[in-house]
Structure formats: structure tokens, C-alpha cells
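Here it is, the structure in full.
Should a chain be cited, it is by its letter among A, B, C and D, assigned in written order, with residues numbered from 1 in that chain.
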């Protein structure tokens, strides 16, 4: 007989509803919600004064991420990364699989799966990355992966050596349409970015913060439009990751208004930090380097607006942690690009902070309500990436990934206190009033009152279903 | 100890979720959802093969509606109208209160309440209608009504004798903002409508179908824009009832895109019938006469588009039943305007058909999914009109207004089979595959397998809270 | 045999062309352009180094303008006003006729015509102002005036006692359509303005600069949309005078994009001065008070943008000069409203400055070229108001209203140097590099090197033809 | 002493003006306009009852055009093509120069120039075509050509072997910006077109009319947006040739609305013929094959709308004549692609018909006035392509390229009557009421009353100045 856990006394929140109810968990699943006075349980989790929400779903992480050239790797492995996620209330991540040039997609997937299974403390899935050389054979392998639950594929429209041309986009999106796969794009016109980079270098504008100048707003808008056009041409939906520019958001809105199934994700770093934060820094500007870049402060309000009007559907992190110092046990980190921005490893940490900072700026800040919060960080990503109804919701039958959220916490975010291996935090010193008190993953209490109770390897691979792109 | 009812074996559907669960009702309220194998109950409702949804909420009915000049009245009283609603799966209506010129608002409300309490079989609320003469005294009375739960006020921008000028809109919307009331507008520029009517009459274009020619698309767009501007000026949200024109929908979309809180309702008659259906008829065209008018077929697709892209938030009926024949026991009905369209009583029936025809054309027709259906017909109107969480949802603590919906029914809509006193049905002969099997109102089974089990007067007045206009 | 005048050695500029040519004038008309080496003439005007352009056409002046209540009058009469115009290079004005409540339109027109004929030094026309009480009889009189050349009628949508309701707009625009008349609107929702004014007064916010707060952007947008809708409904074009808000400009653009014939005018004061210029002033803020108000600095760039993209078609001045001091020989001027903004006479001077300041900020400032300049200040207003080809162009057959413009002048605008009776100048101290050297009206040199050569009364009434609204 | 010609008694029309005037020509240039009663002349051209307009400027012809693979050539050489142009009232053409893979741009230009100089009967210029392999050396050669008057460069975004990638667009547009050159694009996403073609072939959909299916609207929209983005990134203006899709026109409009300098051309075949005209034909559908394709009838009205609202700036022809039969003296013509659309030479004739058919459908049809006509077919292309003021206008000093246009002609367009070597005419049987009576080129009467008076080789190369992109 399965273990029974009762979350008692909280207020359940979903994208639609908010109600006082106890949540009964039997084994790994939720079995009932309601007045649980008569329900007995092995374990009682006290949720008094708390909101009870589905565990966070972050569909954009880069753990144990090797650079395309094989020369560097992110600071977080699957263990430190998922521990950090769990502390932040995120109980599902979807990460990426990239094959080395000499490697098949399926083989790459297997090795990545093994590593993740050995280390993860919460559940995980994978988006395969479509290589620039992809042809029929590659797509056949990818289709096999789709049948094994990798039902979203990532296409890079930028980065030398990784960016795909229109031929691959067309062929790839068509295969997505055929296989029920959701295509995702990193939307920047890589040729424009490369050209701007080259011109900056020619002008000796190599300082860390110049990374920003290499990535124009219009390069992002262009890629969005092109990807939409190709998706539309072959009949697939489209997911645009890390929308950073108001022009890209407007472009997405324009196509949504004619009912084209395009979805956008943005990330906390684009909403809460800005170019002005690092324009005046020296090497420390490297802490902010990611692509698309963290943009001007004036751009933030337009991104929030896109969230508020529903143009942006999900919040991911693009968590790719690198250190500002150079630890001995890690390959080259941020210092690799000291004084020469093209060599700075791209990426910022954030998997642990996502819910706290967005709660603070979004819900406490009056930009949207708690329903929209749950939708952005859990339900919508789960639906779009084929995880629903196992993840992203609190209903009888769904996985008991539950977040007991204390809206009256008083917590200050610091690098000293976080659990990623990154040695800095973009939100250093930010005071937040909402924070996970207990985090459950498939019925297990994995974090409780700031303590971890989860062995490495308890996380499981999630074979994902087809995307639900209804709105 | 309260009566316990268990709805067993169905699949619960909300705007967000869909899951197999039994629903436990104790007394008038839902107390738990989940695996109810261990739950005992006095009554078991079999929901096998069915969807279990919140009962329909129709925030736009005109029962026992007296014309402004006192010369006619709708065919349905509160009894026949709410019986018809219940048969169609609607367990909440919000109707209107209009004071006679010589009558105070509060007095009008009291008399209306008495009549409704004596007759209604499901729960009900009221929107007071703001008179054209409204000044401080009237608004003070309206504010009193708001405190008693009439938290939405209707402003007519058209109809001689009823339409309000900009002064009343400004003062009225400001009071709405101050009192937490949602202002609703009938959005047509009444001066344009009156002018077009006069010109048709001058040209002897008096046939029934000419009603259509008197109500231009741009007259509707104009009123929407003016109402938005005034709402924006005084800081209130805005609800536009019965959006009929694609131009009005576009206008609403434009202001939503800049995050202004404007909401739109449309009605089944605008989506499923068209001017082409009555342009060639003689007197029978009167069956289609309502304002704004039922528009051209080409307009329908744009309205559906507005539903699909979220521009339209709710579906009401504007149910105002008149008969095509002239029964002895009713004041003048449609025949009053035979051959002279300005005298045709405005209004069409539909409170019973709403869910069935929209399920068929919307969900079965592939335009949106079942989640959106529930949102349009129940949850969103409940939220916008301060009825949530009592109505419009299925959560522990909410009223047990439950619809057990058979998605495999095979029903043909006919006037012979409906329960309104209207002697025609706009959807005559339409085959629908979804239909209520059981309808519960506050835990009572009011309709079951086509039989009514509800005494007149069991319906209760709903003191509504403030509108929830978050999106 | 008529007098022959030859303008020699200049460069002729039109909205399309720019070419070196001599201009031959015989009597009042131009007869040839080209190489005039063989052409003899009685008078030679030296245009070496100069541009030769059509004389300015200002279709928006208020000279000898009596307030609606009869209590005040502008400082400029027809003489001082047209002298000021001529010094600024403007050779045609179109002013207004308003009937007193007890007066017929035709009679009002006759008296106004007599006064103007006695005083004007350049040619003039009139726009009748449609009174709020207008019905068939008034429109019949207006139609008679249209046949006598008053082919544009002004409708005020704001100002108590002057603003017309939708009924008058509908009936009036329809008569315009029937009579070939161009309807012009002062586009502000007067009820919103009155309400905002009342609230400011209730709050004791009566300081001069609060005039700005009483006139919102959205009140202007609303009126534009309503006027467009009504014009569209009856089949007339529409001209919106003094567009001041970016929201109004956007509204016009939206309807132009669907090819509706709506045209906009703006004025130099909205482009070159801003609320920030008077927000901090005391009584002197009265110098800036006009309606719509001079808006925020951030609004200027959007108005320039509307000029550059062609959304705004003409530049008028709305010249209505009042003095900041109170001369003995004038009725109450700006001091009337000291400390109480509703009593400040609305209006600013500018008829003399228009070409100079717009040349400086527009052409010298790189916003548009000299062709567009000529179009904005002369050709387009002449076409839209039925003055073309007599005015607004330099072609054989047209009136010899010629401006010899020195683009290498160095002039500083001052109240001390201008010729209006206003005792201040909004552009005080502005250095401009373009200025009239010679100004000809029907072949007469009326201003030359800063000297006036024009007797009062030489100006003639212009019976205008139908508007040319082609674009 | 130069020959003096006097065009007497006509009405001169320019984009701004319309006036009765005689036009005096001395040698090759216009010297005066006006009342020419006193002007003597060697030759009098009677223009009574006629409009006198600048000769047509067609900036988009393909005469003596060799296919990229060297296997075919258009039917018209420079002689037959310019004779056809002259008969149609066009006195300036701008054609293209493409280098063979083994050939330098400058060499290709020289050979093309020699051929044109030997044959043309009217003046001509060239747009060099930027090859897909272009790098610094090629752009240096192109810059040299720009200094010799080839101040616009063509970039193909479609066609295998010809289409350029983003790198070339970026580098090329930047050189354009540096050299004062106007970049022109054939805007279709060539990868999407190739993909669609391949799929049609795989499905055995090879019939002639399937050419249409291979070229989607969105492929054209995509290329417009990408080209705009790149132009914007490097600071150049942009000219989009042969806009065929309403989506492309909307895209252009969107960027013009924010004042970006993008201009569009369309061609008569897109306005006056449609897919429906050839969808049902067999091989004869080849007559309509050009790229972008002639689109659906429903698209025409939106293109006219774009002309009317000013979104489209010029009308060219893309004249590329091929025969439906296969003459012995020509390389493979349309029959080459019988039954297999990818082999049909792309192109349609039209250089002779342009003015007549657009006058009929545009001016006579009430879509725009005669001023806009002159602007579209002569003045605007002259300005945009650096030909103004020599061409495109009738002012003292400009070339005497004059069209004496009979607006009361009654002419039927037929292949039998035209002067191109094409053996069909898309407008066969169309009756037109406007037609050239006399055509002058640099003072020579080259066509008069249907007779040619122009020796081969009288046309001269036009070294063009920098584009005037002011609006």
C-alpha cells in the first residue's frame, strides 16, 4: 500500500482557481483535493498560511553543457543544477542534447540520459539540438527520439558552427509537423550578429560589455519573422525561446493576432537586469553575457507588457552557469574572455531564483496575479512541452510535484546562499517575500525549510507527449 | 448533517484542467474531488462517459422584460426563462433592472427581486440599467445597489429614451471606478442608428429585414471607442456586451493590446446566423431582429477569430424572447412590427441553446478546445461579474452548480422541444452532439435526463462581489 | 497692356520640382517660366541666390475674432493680421465667420466680408462656423455661402456654447457631401474637457498652466475617431484642424491606411513649444494657452514623425493673438484669466512666423526637404481648400503670389520685430536662416526687404472651388 | 543655333500641377513653359486636346537578357525593346547588367553598353546585378560602376545560382550606403521557393500553371522583411522590385509607417491579370509565367489599395519577352518548359503597354488622378534612380523627353499591333482611351501618330546620380 501524504491547510492555486483544500497524495500521485479532515496519512505537511502550487517547470536549462568546440563546460552538472532547481521550487527541468560532430543524435542522447539519471534530484527531459548538417538520416534519428519522448527540437539561428540555414529550418520544421514535435528557435540572425561582431573587433571594441552591441534588436526581430514564415509554410507551430527584444515580442504579437500558433518564452534576466547594469563594468560585465544579450532598461517595460498581454507564454531561465573566478576543477569559465567579449562563455545562472524574483516583481509588483504566475512558471510550459497532466498542475492523477509557497517570507537573494556552482548571482541583494517552504517531487519531500532531502539520481527521465498548443 | 451527493465516474473539465475524478457534494457545496471509492453519499449521480463542468453562467438575459415605453413585454417570465436555462445547462443568470421614469432605482430593484425570487428555478443576479437622466441622486441609489450585490451597471449608448450621453457615461463610469462596479455598454452610436432609420423610413424601406441596414458596423465601432476612451479617462474597466461587428472586435483588440482592461461578450446568434438567413424573408425576418443586428455571413468568421484569439471573453445570449404569433395572453409581440421594422420588439431567444450550439460549432467544429468552452460559458463570466468562486468553477468550497455533459448525445434543436415561450428557434433543425445529462444547482438535481425537478422559487438572488478583471 | 514683372535669377521650387528659371508675370498672373533672357519687363525682381516659391497659404487664422460670448476680441484686426502674414511670406489666409446667436449666417458673412475687404493687404477667404443649433434653415444658408465660395465649414466638437452634437455632425457632414464642401473639425470631446475642467476647479487647480491638464490626449483621439466615423457614414471627406496629440495623429494614420479621405493640419506651436516651456511659469503661462493645448515635449517628436510620414497634410497657425498686457484700446486680453485658467482667452499668435520657424526646424533641421515644405505651407492647403490653381503654385495662369525666399538670411525672431499686435512671440530669440526677401501678391510687390508696399484693402475675397482631396 | 521646337496648345501635367502651356524646346532641352504666342520655333507640335507629360521612365526591363545558365535569351534585343518602349510613350529604360561567372562586372558592363549604344532608340541606364559570390573585389568594381552612373544594384534573394545569402546582402547594402547606391531586391525567399518546387515535382505537379504554387505569398513577405532589416542594420534605403503579394505590400507599409526608407514597385501584370486567367490553361499558361508569379484575383484589389495609399511608389514592367511559339532565329523560348514549369523561361512582355493599361485602369477607372499617374510612371522612378531632373519632369533645363498624350483615343491592345517580338500580349483585346500621340526624346520626335522616326543607336547611356529618396 502506497505511502499517503497530506498537505494540510493551504490554499491551492492554479491558473484558473484558488481555494482552500487539503491535498492527498498516495504514492507518487495526487488522489484527492478537498476537505481532508477525514483523510488519514502517513505524513502531514503543514501548509498553513501558504499557497500550494504545482512545482515549477523550467524548460530551458543548460546543465553539464559542453561548448560546441568542446573547450569549455558549464559550472553546474546535473546534480548541482537540479539541487539548485529544487531549492528554488522547480521540480521539472527540460535540458538539451547536442551531438558532437562525430556523433549520432541517438548515441548523444543515450550518454546524456545516463549522466542525468545518475545525478538529477528532480525529473527531467531533453530537447535535442538540430545540427547544421541535418539531413534525412539525422531527422530519422530525431524522429526516433521524439517517439522516446523528446518531442521538442531546438534550432539555433545564430552562433557559428551551430546555426542552421533556411533549408534545415524548412526540412526540420516539416519533420516537426509530421512527428508532432514542437520546434524551438534561438531567434537571432547569426549573419548579422557575426557581421556586427566583426566590425566591433575591427574597431578594437572588444570590451566585455560590447557583447551587447553585437546583438541588435532587429537581428532578433528578423529571425522571429523568418522562423514564423517557415513554420507557417510547413504547417508547424513555433516556440521562440528567450525573447529579449521588444521588437521580437511585437513580431510575435503580430502573428498571434492572426491566430498563428507562435509562442514565446522570456527569462528573468531580461526583465530584471539591464545593459545599464553592466555597461560601466570592466571584466565583471562578463557576468551578464548571454545571447540574446541583456538589453537596455527601456526595453524591460515592453517585455513586461508582453507578459501582461499574454504575448509571452512561459518563463524559463536559460540557466547556463559559469564562474567569474576560474576554479581549478573546471574548464575555462568567464575569465576566458577577459577583455575580448567573443571568447566569454555565454550564459547566466538563474534556475534557483526564477520563481522568487518573478513572484516579487510580477505578483507583489502588481503586474499580474497569482494565477498567471502559476501558468507562466509551471502549467503553460508543461502543456507546451508535452508534460501535462503529469506535471504543471495539481489534479487527481497528476504527479505529486507540489510547491508549498510561503508568501510571507523575507528572504534576500545572494550568491552565498544559492546552490548553483556559479559564484555570483544577478539578483544579489534582492529582497523577496515569496519563497518555497516545502517542495515535493512525486510525493517525496525533496526540500523542506531550506534542507535538501533528495539523493542524487532520484530524478527520472520524462518521456514527453505531443505539445498542447491550444490557447 | 447535510445531504451528500457523489458525481461518479466523469471527467472534470475546467479552463485549465481535465482529469478523471469523482465530485463530492455536501449540502450545497462541493467538498472534494478525487478518487471517491471510499466516499459514501446519499445520492450517486452517474457521470460515466460524461464531462463534468461548472454550470453555465449567462450574464445577459432579459426575462419578464418590459419595453421602455411600457407597451410590451418579453414572452418569458422568470419561471419559463430559468426553466429554459436549466434545461440548457445554465445554472446562473444575470438579468437587468430598469426603473420606470417615475420610479427610483432601489424600488425598481426590490420589485424585480420579489418577482424573481418567486419564480426562478436557478440562481440569479441583476445589472441595474443607468437611466439617461442619471445624476448624483441616481448614482447614490445605484451605489447602494452595488453594496447589495448589483456590481455591474448597464449603459445604453443607443435607443431613443434609453441612450445616455457622454456626461452620464463620464459620471457613471467614474462612480463605477469608485464603487468597484463593472460598467457594461450596449455599444452603438444611437444618433447614427436613428439617422439611418429615419432615412430608411423616408425612402419607404420599412420591411422587417431593413432593421439590418439601420445599424452600421461603424456605428458599433464608434461607440466602443468612445466608451473605451471615457473608461480610460476615469480609470474604470469596461465590458462591451453583444459584440456583433468585426470592426467592434478589432477596436477592442486594439485597446487590449495596450493592456487596457476592456472585455467583450458575443452571442451565439452572431456566430451562427446571418443576415443572409433573413434578407429574403418577409415578416419572418422579424424572428432575427435584435440590436446590434445579426450581420452578414462574411462577418461571422471574424467574430470566431476574435473568440479564438481571446479578444472576446464571454458568451452570453441577450435572451429576449418574443413570439412570431400573437398569443392572447401576451402584450404585443413580433407582429407589432409587421411591415414596419422600427416597431418590431428587439430580441431573440437562446438561453437554452447556448451551450449546445457553441459546443457543436466551437469544440466539435475544431475552433477551440473544451477548456476554452468552459471559460467562455461559465468561468470567465463568473469572474468578470463577481460570482466567482461561488459560481463558474468546480472546486472545494464552491456552489455545487454542476453540469454533467454528454458529449456523445445526438440531439436536434427545435422550437417544439425547447422550454422558452418563444414559438421559434433560430437553430431549428441543428443537430448537436453535446447536451446536458444532469444539471445540479447548489447540490439539487434540477434537470436529469430531460426532466425538470425544480420548484419555482428555488433560485436565489446572488449578491455579487467586485469584478475580477485580471486576465 | 498689363504691367510686366520679371523675377530673375532664382530657383523655382514646387512640391515636385526645383529648377533655375525666370518667372514672367503679366498683370496679376504668371505667364511663363524659363530662360527669360529675351523677355522684357517693366519691373525686375532680383532673385539671385534665392528660392522662388508660391506665397504661403494659411488656412487657419482668427483675425478680428470675437469670442462666442461677445466679451473679448483678438488683438489683431484684418489689417494688422494680414500685414503680419505678408511679412512672413503668407499671401493667402482663410479665416472664419461665426454668426451671433441672433444673426443669420449669410448676414454674418456679409459683415465680415465688408470688414475684411476694407482692411486686408493680401487675399482671403472664409470658413463658416456651423452653430450648435444648426438645422435645415441654417444649412440652406450655408449651402448658399458654399456657392459663393465658402467651401469648407468648421464644426467645433468642444467649447460650451459652440460644440455641436452628433446630430449636427451627421446632418452637417451630409450637407457637406452634397454641396462639395470640406468639413473641418476642432477635435476634442468637449464633455471630457468640461468634466476635467470642473474637477480641476473643484480641486482649486486654477493656475494658468492647468489649462493643459483639462485637455487630455484621449479626448482628442476620441473626437477624431467619432468625426471619421460620421464622415464615413455619410460619405464626406474630413479635415482635422490643429492636430496636437500623437494619439490623434495615430488615429488619423489608421484611417488613412484604409484609404479613407481624412486629412490633418498641425501648427508650429505644437512642434516647437511644449508644456515644459510654461509648466513652471506663473501668469506668463497664459501666453501658451490655446486649445488643444501645447503638449509635452515627448509628444513633439511623434508629431514631426506624422509630418514626415505624410499623415499630417498641412501646416496652419490657428493665429489668434491676444496680449499679455492689457492695452486700453482692446477688450479683455490674456490678463482676464489671471490665476483662473478657464477665463484665459484661447489662442497664440504665429501667422508671421510660420514659414520661418518651420523652414528652420523642418528643412534646415533635416526633417524634410524643400519640396515638402512648399507642399505643407502652400500647395496642399491651396488644393484642399479649393484655392488651387489660383494659389499655392507657380504655373502659367496662376495668380502671381510669389515668395522670393532667402535661404541664407540670418534673422532672429522677436516680438519687437514682428507685425502682429501680440506683445509676445512664442519663438522669441530663435535664429532662423530662411526668410522672405520679396513677397508678391497678384503681381504686386507687397513686401520687399522688410518694407511694406501694400495699402489696406488691396486684398480680395477668394471664392473658393471644391476641395481637391486626391492624394 | 539649336533647333527650336514648340509643343503648342496642350495641358501640361506633373505630379503637382496641371496647366495650359506651350512648351519651348531648344536643342535637347526644355527652355520655357508658358504662353508661347510670341515664341517662334522651327517645328510646331500640335498638342491641342492633349495632355503634355514627361516621357515614361521604366526602371525595370530585361532586353537582350541572357539566362543565368547561358541557354536562352529574351526575344527582344535593345532595338526591338526600345522601339516598343517608344511606341508606348516610354523614353527612358533602365535595364540590367549581369556578369557571366568567368567575367568581371566592369567588362560585362562595357559589352552591354556597346550593344545598347548600337541599338537603342531611347535613352537607357543599367543596374548591375550583384553575383552570389560577391566579395570585396566585386564590390570595388561595382563601386567603380556606380561612379560611372550605375547607382542602383540588384540583389536576387531567389533563383538557384543567382540568389545571394545574408552575408552578401549585408556587405552589399553596406557598400550601397557608402557609395550612395540604391539597393534593389527581388524579394522571395529562394529556399522556400526551391523547396515548394521540389515538392510539386515529387508530386508530379509539373503543369505550367503550377509555377504559381511554387511561389507563396509568405515567401515574398519574408524576403521583404529580411531585406528591410538588413538595410536598416547598415543604414541604406531599400527598393523592392515587382511587389506582387498583398502581404509584401503590407510589410512595406509597416516599415514606411515608422519612416524607414523602403520603396516598392509593382507591375501592370500583377494589377490586371490573375492566376484565374491561366489556372485552367494548358501550355498557354506559360505566357503568364514570371516571378514572383501573377497571383489570385483577390490579391489585385489589395495591390491597387497599396498604390492608392502611396505604399507602392513606382510602376515598372519587368519586361522580359519570350515567345509562345519557337522561332528559328531565337534560342529556346516558352516551349522549352512545355509540361514542366521549372523550365519555362520566366518573364512577360509589357514595356509598350504600361502607360496605356495603367491610365485606363488607374485614371479612367477612378483609382487615382493624372498627377499620381505621372508620378508612378515617370517622376518617381526618375527621382529614385538618379535620373531627375534630366528625366521624369517637364521643367526648364530638363531633357525634352515629352509625351503628348491623347486622352480621347480609342485603341485596342493586340499582339498584332504591338512592337515587341513577343508573339502574345497579356492585355489582348483591352480597349484603352489614352494613348501617346507624339513622343519626343531629347527634342527629337521619335514616334508620331503611330510612326517611328528614330534610328537605332540614337539612345544614349545615362550616367545616373544618387537616388533621391525623400518623400
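Basically, contacts are C-beta pairs under 8 Å (C-beta built on N, C-alpha and C of every residue); 3 or more make two chains touch, one makes a residue touch a chain.
Computed from a prediction, not measured in an experiment: that's the story for all the values here.
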For chain A and chain C, the contact-path distance works out to 2
Compute the centre of every chain as the mean of its C-alpha atoms, then state which one is farthest from the centre of chain B. D
Please identify which of A-B, B-C or C-D repeats the interface of A-D; the criterion is that more than half of the contact pairs agree. B-C
Centre-of-Cα separation between chain B and chain A, whole angstrom: 41
Provide the C-alpha centroid distance between chain B and chain D, rounded to the nearest whole angstrom. 58
Measure off the straight-line distance from the CA centroid of chain B to the CA centroid of chain C, and report it in whole Å. 51
Could you list each pair of chains that touch one another? A-B, A-D, B-C, C-D
Partner chain B, residues of chain A touching it in the complex: 12, 14-21, 24, 30-36, 253, 256-257, 259, 305, 308-310, 368-369, 371-372, 375, 379, 389, 393, 395-398, 470-471
For the chain C and chain B complex, residues of the former touching the latter: 165-167, 170-171, 189, 191-192, 195-196, 216, 218-219, 221-222, 225-226, 229-230, 232-233
